[in-house]
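A, B and C label the chains in the order they appear, each numbered from 1.
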């Protein structure tokens, strides 16, 4: 009983953490799906989102939901700006050049932020005090409920956008075959821009939620979650939206179990081990399809 | 005639290198350089080894690896354990560190080098981090707190001559049939395979050699300090070497030397403003990709550029 | 007769789709044979199976008396089959000379230590490689472009370089995938002469895929016609020209 209870508790913790990974992974997977770029800067976009949320709450004294909205919009615009300035000029460059540029953008966001907000971590105000539900010894606290709730809402909204709206259809078409999509009259530059916007907005929400969950943010906070979200995206099959969500949740749960039952120092190693295993055993991920280079 | 030219090129470089060494050693002995710049001179030499060996993998063979700091860590820790706990001579400890890193590179390389491009980049980054995390959890080498009490063995002479050996090794490798096989893989893997080249073998070979030199460099690095911690070998460290290689040119040894020099120099000069340093690197990387993706030197070497040939060569094609 | 290559009942299925089925082909030593057929008939797929790029789903391929099914492409090349590609695959950032030198790779005997320390066989063998490579470039009229970067060559010269590179691997059998594609009639004519000449000079067996009928009919001794992944006809150029099935396939198909 003891053990099952512990496992269930870690499961709850893991799903909360996994939801955060899922939100970041969605952006990764959308961007990779559409321009085949591992956007190394995506984790830093998430960091910027966290800071914008932080300042909206502490400096402007806004509530959680308005702060989330502000962070979502501004960070979304930031993502679009990054794409416009740094990636669009390299649309036909070798993929490695774009990857290196992404590493550059990542550094740029990290260290300009550090310059402006200082490297010292900031403490997020505790918003939920002691709100918690105790169910047979398994505790779900307020932050976790907020994370799960907001993640669920965003999933529904995203699914609606991608499946039902005209823009969403254009996104899917562009990601499937950019050239043909253009021949069908789709402005692929615009669609790519929107994709960056949506992906960045999701990351921003994740950033604010993490701030609320862990109470602490710093300018380099995006590096690890960024990499792990990439792992989640690969695990689910890169370019596939439900895959990113499932991948994120699995990764969160595995990490929670590893830190709960082994040692928290192995948490990061677990994520990378998963990545390497997936790449070697099933590089297309859980939901991916196989493709081979034509000779 | 051509054969003579190859040897003459090597000779010119060797003479030049020895003069350079004499001058720098003189500056150190004469206490003209402050201890801060003396240390940086060591770091430049070590970084040249790291950049050139990373270039062998990323530039010449076209396999984008981001695990270099991990191999460096292996060499560093094997080295310090041997010298500190077992009183093994420094040179032997460096070799052992290199072999250990190379062996690990070989084992890791076989499965991962099947991956391509950005997937390989992330997988090697992950492996480098796993190496670091494992070291962090070995109490015998001090865990996260690091390994203390390392004897100070790394002198400028050690660094300089190992660096020289590395550069000649890589240069000669690249200018052989083995090196050409690596270039062919970078250019077109399918065509390389159809020319009778066992592509897996040569990818693993380049990866192993690169890892081994990173290990030796790690040993040199560790013995320049009293303490090393796993935090010195994060993937941020790998990015540093990547910046050197990309700046100098993916596929140019001259470029790696220049890149290592410039980046180390900037880092030292801006040591008090770490944010600016990183912002400068970031902007430099982005601008390079926009305007000169092949880096400062592209695929060129100093020995086959006009100015060098005018000064030293009478004719024939430069190849060294 | 001296048989060099034999493919029997070879089929290739891609996810339920039969790209090539029941493909039979034999080549005698010294022959110059053409493989023709409408677009999408499976010619390049057949090449890819013969060279190890694809592993055939069923069937056997023997080369010089030994099975080569399941060998990776580099081993097939080392057994003595070299090829060119329909969509040129040069080492485009390297020089013309380097392109050819690379293909000597598996004939080189010096090892890693000799290469790095520059002792033993290194200098002598490098010298030989360089001379032989230059000789090949001379044959293909590329010697004055030796130091140019391959991607800067005109199209026709790139095709010639691909053949020169394939010959540097010293094959017994040379597979040419549309060597005249994109060439003008004058260039095609020169290429024809050149193919004849290298066959004699290097004692080669040649199998070529080609769309240019004047080239195929002009130099090939035997021709295989492929349609919908199956061999439709086989015979001398004269027989093929007169074959009603072939006429139907070509007039109906293109």
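As a convention for this text, contacts are C-beta pairs under 8 Å (C-beta built on N, C-alpha and C of every residue); 3 or more make two chains touch, one makes a residue touch a chain.
Model, not experiment: these values are computed from the prediction.
Taking the mean Cα position of each chain as its centre, C sits at the greatest distance from subunit B. Put simply, the chain nearest the middle, going by average C-alpha positions, is B. Taking each chain's centre as the average of its CA atoms, subunit A and subunit C sit 49 Å apart. Rounded to a whole number, the gap between the C-alpha centres of subunit B and subunit C is 40 angstrom. In whole angstrom, the spacing between the mean C-alpha positions of subunit A and subunit B is 34. In subunit B, the residues that touch at least two other chains are 190.
Shown for subunit A are the residues that touch two or more other chains, namely 295. In subunit C, 53, 85 are the positions where the chain touches two or more neighbouring chains simultaneously. The residues of subunit C lying in touch with subunit B in their complex are 51, 53, 72-74, 77-78, 82-83, 85, 89-94, 98, 101-106, 108, 110, 112, 115-118, 122-123, 126-127, 129-130, 147, 165-166, 168-169.
Taken together, the subunit B residues at the contact with subunit C in this complex read 2-3, 6, 10, 169, 172-173, 176-181, 183-184, 187-188, 190-199, 205, 299, 317. On the side of subunit B, the complex with subunit A involves touching residues 64, 111-112, 114-115, 117-119, 121-123, 125-127, 129-130, 133-134, 136-137, 144, 190, 239, 242, 246, 274-276, 278-279, 281-286, 288-290, 293.
Partner subunit B is touched in their complex by these residues of subunit A: 37-38, 86, 89-90, 93-101, 103-108, 110-112, 114-115, 119, 227, 230-231, 234, 263, 265-266, 268-269, 271-273, 275-276, 279-280, 283, 293, 295.
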